[in-house]
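Chains here go by letter, A, B, C, D and E, matching the order in which they are written, and residues are numbered from 1 within each.
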Amino acid sequence: MLEQLNEKDFGTPRRIAEQEVTLEIDGMQVTVAAGTSIMRAAAESGVNVPKLCATDSLEPFGSCRLCLVEIEGRKGYPASCTTQVERGMKVRTQTPKLQALRKGVMELYISDHPLDCLTCAANGNCELQDMAGVTGLREVRYGYEGENHIHSQKDESNPYFTYDPSKCIVCNRCVRACEETQGTYALTISGRGFESRVSPGQDQPFMDSECVSCGACVQACPTATLQEKTVIELGQAEHSVVTTCAY
Amino acid sequence: MKGSEVVRMVPDKNGQANEGHSCVKGRFAWGYATHKDRILKPMIRGKITDPWKEVSWDEALDYAAAEFRRIQKKYGRDSIGGIVSSRCTNEEGYLVQKLVRTAFGNNNVDTCARVCHSPTGYGLKQTLGESAGTQTFKSVEHSDVIMVIGANPTDAHPVFASRMKKRLLNGAKLIVIDPRHIDLVRSPHVRADFHLPLKPGTNVAMLSSIAHVIVTEGLLATDFIAQRCEDKAFQQWRDFVALPENSPEAMQEITGVPAELVRGAARLYATGGNAAIYYGLGVTEHAQGSTAVMGIANLAMATGNIGREGVGVNPLRGQNNVQGSCDIGSFPHELPGYRHVSDSTTRHLFEQAWGVEIQPEPGLRIPNMFDAALDGSFMGMYCQGEDIVQSDPNTQHVTAALSAMECIVVQDIFMNETAMYAHVFLPGSSFLEKDGTFTNAERRISRVRKVMPPKAVYADWEVTVLLAQRMGYTMDYAHPSEIMDEIARLTPTFHGVSYEKLDQLGSIQWPCNDEAPLGTPTMHIDHFVRGKGKFIITKYVATDEKVTRKFPLILTTGRILSQYNVGAQTRRTENVQWHQQDILEIHPHDAEERGIRDGGWVGIHSRSGETVLRAKVSERMQPGVVYTTFHFPESGANVITTENSDWATNCPEYKVTAVQVMPVLESSDWQKKYTRFSKVQDDLLKNAGEGTGNKTPDIKIKAVAKSIA
Amino acid sequence: MNLARHTESIASIISSQQNRPGALLPILHDIQEALGFIPPDSIQQIASALNLSRAEVHGVITFYHHFRTTPPARHTIEICCAEACQSMGAERLVEHAKQRLAGSKHGECEVKPVYCLGLCATSPALMVGEELHARVTPEKFDRLIEQMGIKT
Amino acid sequence: MDMHNLIHMANQIGSFFEAMPEQDEALIGIASHLQHFWEPRMRSQLLEYVDAQNGKDIDPLVLSAIRAHRNMLVSQKQA
Amino acid sequence: MSIKIFVPGDSAALALGADALAKNILAEAARRNMAVELVRNGSRGMLWLEPLVEVQTARGRVAFGPVSAEDVGALFDANFQNGGKHALNLGLTEELAYLKKQERLTFARVGITDPLSLEDYLAHDGFQGLRKALTMQPAAIVQQVTDSGLRGRGGAAFPTGIKWKTVLNTAAAQKYIVCNADEGDSGTFADRMLMEGDPFVLIEGMTIAALAVGATQGYIYVRSEYPHSITILNEAIAAARKAGYLGPNILNSGNSFELEVRKGAGAYVCGEETSLLESLEGKRGIVRAKPPLPAIAGLFGKPTVINNVISLASVPIILDRGAAFYKDYGMGRSHGTLPFQLAGNIKQGGLIEKAFGVTLRELMYDFGGGSASGRPIKAVQVGGPLGAYLPESQWDTPLDYEAYTALWAVLGHGGIVVHDDSADLAKLARYAMKFCAIESCGKCTPCRIGATRGVEVMDKIIAGQDTEAQVELLRDLCDTMLNGSMCAMGGMTPYPVLSALNHFPRDFVKKIPV
């Protein structure tokens, strides 16, 4: 029973409820448990809404703004990760307007990201790269001379993984994984606005923080910001085997 | 994976035990599997002062078999035995016990679960009828009250600890019964509602006083008890715990915990909704380990907290496959499925399947093996994956016993401490190199899948098969799945288990059979496995290990997050960056009194021995109690621990040793001897030469009678 | 003030506040009020008291512009730079202030922008400590720093 | 085997069963525990000791159990 | 009989030397052996006249202003204490056109009473609303508020009654009333003036809200830039509690309500209600995703009424005089009054409480008297830093929520910042982006990165670099921010930027092809 290398990510955690809700997503009738997000409902019926900050192991956060959708009768463009399904809702996940918004967001992301995909350890296994592709981003009109984090210092203190703030997209997945999955609260965002950056402890190296090196943050990171040293050294895996931990 | 090279290890989102989470060990500390210290060639030597000789597999196995036969001929059939580690797979454990019961012809087989959770097996079997935890890990999501006794999940069971914390953050109440101020007592966003910092060795007193409150304050689940439990036993138990001597007030002096705290915790446990108990080695590794386990089961029955989600009695196990190694019959008194060897029906079933006669009386338990070795009646041992020298108590006693034996066969991936006393070394295979299954604390059987070929040619199970063959007993398996098929065929609780089904379902919680084809997440739902639940009277008996003027402190031992058990694996990874040595934690008051400073060397001595460690002055400790871990052989934590053990199972009393601690300037005599001995053994290993082909090496058959240490 | 005294006064602030729900901000305010800043060394102490991690406390401190982890200058002048004050020459005032204070010794006076003091109909405005000044002209500013005893 | 240790272990067992309200139950409990968990050579040695030393240092309850249920403790090989 | 002299204790007056003035008056009176009762009242809101001194005369209160400390001797010489003639004598306060033309409901007492005198408050109809509320069922209170048509005065204009009803209908062991006093919009000071000039009305409004929804704990979250408001509120709460208007047994009704002031720490975004709740909980002031609504899971996860100062302070009069009385003011769906705040480059800046429907032109000219500089007014930003810049063509539109929405503008919290013709709207647009960059909480991408890029794009536009493409990029960016941001911080920054661009294109470079 060999699993796929990358398991399907439904974006938000599964909800268990007796009540079921039927709604329409891109013209399809979809029935899911009450409390399910639009994103997950779509994913379960095979519609993948673009996303970066959402992952099904963590509660929705709503920060990346790639998963915006249109809901008939509702103003604006709600995030499909933080919006729950409602009976009879009519959702569109793919419209020219949404496409333009997502592309606009990606353009902003990439304007503050190193352009080293080909030499990056995450190459081929990077959600940011995937989303650039999905949104059809070809060009960053802001240029790369503006404010950025390219020269941020890399933290290699942890023996198993590196933290490269220059690649951080501030999706908070690592911070949330440390809180929700591991329960250690070793990570935070330091500063605010454009200065926001993931901080172990008090802007310290990982090894000086409260981190217990469980790897949940590395697992949650959609880019190469938090990356196993073995992957940097050996490259991305080619196949996978499911086994059982020997500890 | 990249070819047969591991690139990274990630927790499986669909893993039903961990649900996509891992700890630093599982996630990152797998480099030991390809560490340069791995020994990949079989080796033999005549006595332990001889250099090792690298030989062929054939030669090594022939030699081991011949030695075992020789010993049996000389000292009798019962003079040899086997020990299998709980780190090995179910299939490997099964084969080792089968080897002992068939080829060796006796019941002298034991597992390292002996020294950690054997009291769980005994205690739960007596009360509930099954030697296993009652719940699935997921069940904690439904708990309203969580009682943690003698366990430090954030260090020792971190993945489950995270799930428990998640529930705590969502509002469950927490009771911690532990001598130490462990992280769960207070850490970011977690705070125990009750922390009962009892004195080590007083679990039973504590449990009885909790029971006393429940009984005398009318908090019993009377309907549940009436329907589900043996009435007479209940009444006897009720009358016993209601005695004034069991009241928290009366027990206060023994446990050191204020009665009001105990009453509050008891009320919360009994009335706070779904209440679950999670316990660890802090319960079992005591002279009254089994009694405490029964006391826990009593509490659960008394409050009706058993048989549904969110409640139950949940042992947190010591190693990855402690549950499994017990399930598959590697205890000297039980055949697979916890069936006593005296039960003729079971015996006949296995005799038919195996084609041999099985001895109807229990074999030696690990500590008994040592005693018998020193007695001259136990002279040969096959030890798979277990490092008894480092992990078992009273090291001097253990090494003396090993030194007295004539043939010790160690099968391991590293030259471990036990192997230094061995005559035959058979290279082991890591979990990456073989197929098999592990069973965790929630009775969940999961597949171990081979990702690379065994580095030393054979997987461990194959070596056991080959050894059996040399001993004249044929085992015929093409794949570990066939071993599991045999276990399933012969064990009612495993009837429905197969690799095929494991592949389909991901994992299976036993019992899995016709009645429960998909396994059993929660046990004892409508009735107890033994029919009616049985309350058992648990009288507190103080351990012999008492503080005296000479030994005024109590040492209790445990683990730390980054290291695993004897550390053979984790010490060979970067995990040492978090924990480079074992240290002695001591309360500031005790340190001050002795002039001990943080980071200074301290000598610890008990009636067993003495060692030297660095001190860590810590308010996590209560005054009068010191703590250390046993991850590093040179620390010699078990030089200190005594051979005191659980009355029922001989599980060592690791958690209570009366000691004195004093600042010192140099390492202990034992450590000096150990260093010399290790150096000699290192040299003997470094100088390991090629064997002399088929010629039997010049081996003098002579017991090395003197203990090294 | 030495570290031991810091620790002591921080401890007493924490103990008087820690049982309030959401006590972190009040505690940080009180510490900053007492010491002029929040010493990074005190973060563990605050975190432990509130059952938080150091990271969380650090995250909160760095989020709010008001909090600082280094000792402040002897004087801090906060000049409003929002629109209403801009419409009445706040930018010129800031320029003037910077020029005037360029010669003052290091650590003597810091000029910080602030965004609205609620004195928008009497702009431009500034604040020194908790003292407000409105309709601040360059001349008025000069008189103010003179009164404050700032040598330029 | 170390007799001192065996006596200690036997007495430990005794102290558990001592709390049983009915003595018969305690005696059978002790004997049955020894039968189920002690390897025959341990039991034989204990029995020999009881015979030779008249059960010196052995808890009276344990001694009663051994004496009352001696047949359970005799190794089948010997029997 | 002693002479009663009023010297405002309001921050604006203080910032203009009111304390020194008060001191001088007392000293001068003492020197002249006159018995003087000095009252530190709130501000009347005629801020160009601050410090505005009033004296109680038989005819009524006579106003003098703006008075400086140096004027005191001359005033006494002129017998000002009896309304004597002096260049600064403005006549009877009540007769001043600026005040007379207003419809003061919420601000009825501000500037008149001693803010910290309960007797004074009671003498001016204080706690009448609360007394009525205590006789009513919670649902009836909520109904009154709903019927009054009161909408959130903080900017979002959400009907207050609906919010309250949700909280009332959400069962919970604990509920909260939170007052958003994080007034950070440039050009606004109504909350501050009310808290400093009539704190009891806010306390009363919050207590009524508590009765209406079953809350027992309230918090007033005040920005740290308002230290004086915090002091006054704390004193007022202590006085109210002592007199039994707050505490475990309000006016012996058996109802309990405790109130606490919490201080912000320099974060504009905490004016956004979910950020404010995070901040109150002691966390980073990061915007929360909605749902859940604060009314269902708000502070500490409990149902929470969160309203602006003015909304809550308008409740007592609604309860006292009835929903219909309040609803009669205003126009369309904008009922009641709004305290407009006239600020920036304006001759007569101040607070003007008027029913909805008044126009900008009326406010700026009839009340404000034109620009302070005397130059033509060029652009007016209404609704704070996230509000649109309005050109003259839009100044006659009645100020009403819907009418402004139709203009692609917002009323917000009623702040009006006037700029004369020296203003450069491109620079102001750049500032809008800059402000967003400074104050962004950093959670969502359009705001976190977009605002910084916005400043850079504006810099290029201002520098005349590739203007056409950069303007197109600016519009695209504004679209991303507008439609993609999580909250109003990023979502409304395009209002000032695009309104400036659309209405004042010339400021964005003469070379723009039109």
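Rule of thumb we're sticking to: a contact is a pair of C-beta atoms (placed from the backbone, for glycine too) under 8 Å apart; a residue touches a chain by one contact, two chains touch by 3 or more.
Bear in mind the structure is a predicted one, so any value in this text is a computation, not a measurement.
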Checklist entry - Which chains make contact with chain B and with chain D at once? => result none
Checklist entry - Within the chain touch network, how many edges lie on the shortest path between chain A and chain D? => result 2
Item to check | Chain at the geometric heart of the assembly (C-alpha centres) | outcome: A
Next on the checklist: From the centre of chain D, which other chain's Cα mean sits the farthest off?
Outcome noted: E
Next on the checklist: Count the C-beta contact pairs for A-E and for C-E, then tell me which is higher.
Outcome noted: C-E
Item to check | Distance from the mean Cα position of chain B to that of chain A, given in whole angstrom | outcome: 40
Checklist entry - Between chain A and chain C, what is the gap in Å from one C-alpha centre to the other? => result 37
Item to check | Distance between the centres, which are taken as Cα means, of chain D and chain C, whole angstrom | outcome: 80
Item to check | Geometric centre distance via CA averages, chain E-chain B, whole Å | outcome: 68
Checklist outcome for this item: The positions of chain E in contact with two or more other chains are 267, 284, 438-439, 441
Checklist outcome for this item: Touching at least 2 other chains, the residues of chain A are 184-185, 188-189, 191-192, 210
Checklist entry - Which chains touch which? => result A-B, A-C, A-E, B-C, B-D, C-E
Checklist entry - For chain C, which residues count as touching chain B in their complex? => result 47, 51-53, 56
Next on the checklist: Give the list of chain E residues in touch with chain A in this complex.
Outcome noted: 267, 284, 289-291, 437-453, 456-457, 469, 473, 476-477, 479-480, 483-486
Item to check | List of chain C residues in touch with chain E within their complex | outcome: 20-26, 28-29, 50, 56, 59-60, 63-67, 80, 82-88, 114-123, 125, 127, 130, 132-135
Next on the checklist: Using the touch definition from the top, list the residues of chain B that touch chain D in their complex.
Outcome noted: 78, 107-108, 236, 239-240, 287-288, 290-291, 332-333, 340, 342, 360-365, 368, 371-372, 374-375, 377, 537-539, 541, 544, 643, 645, 647-650
Item to check | In the complex with chain C, residue positions of chain B that touch it | outcome: 186-191
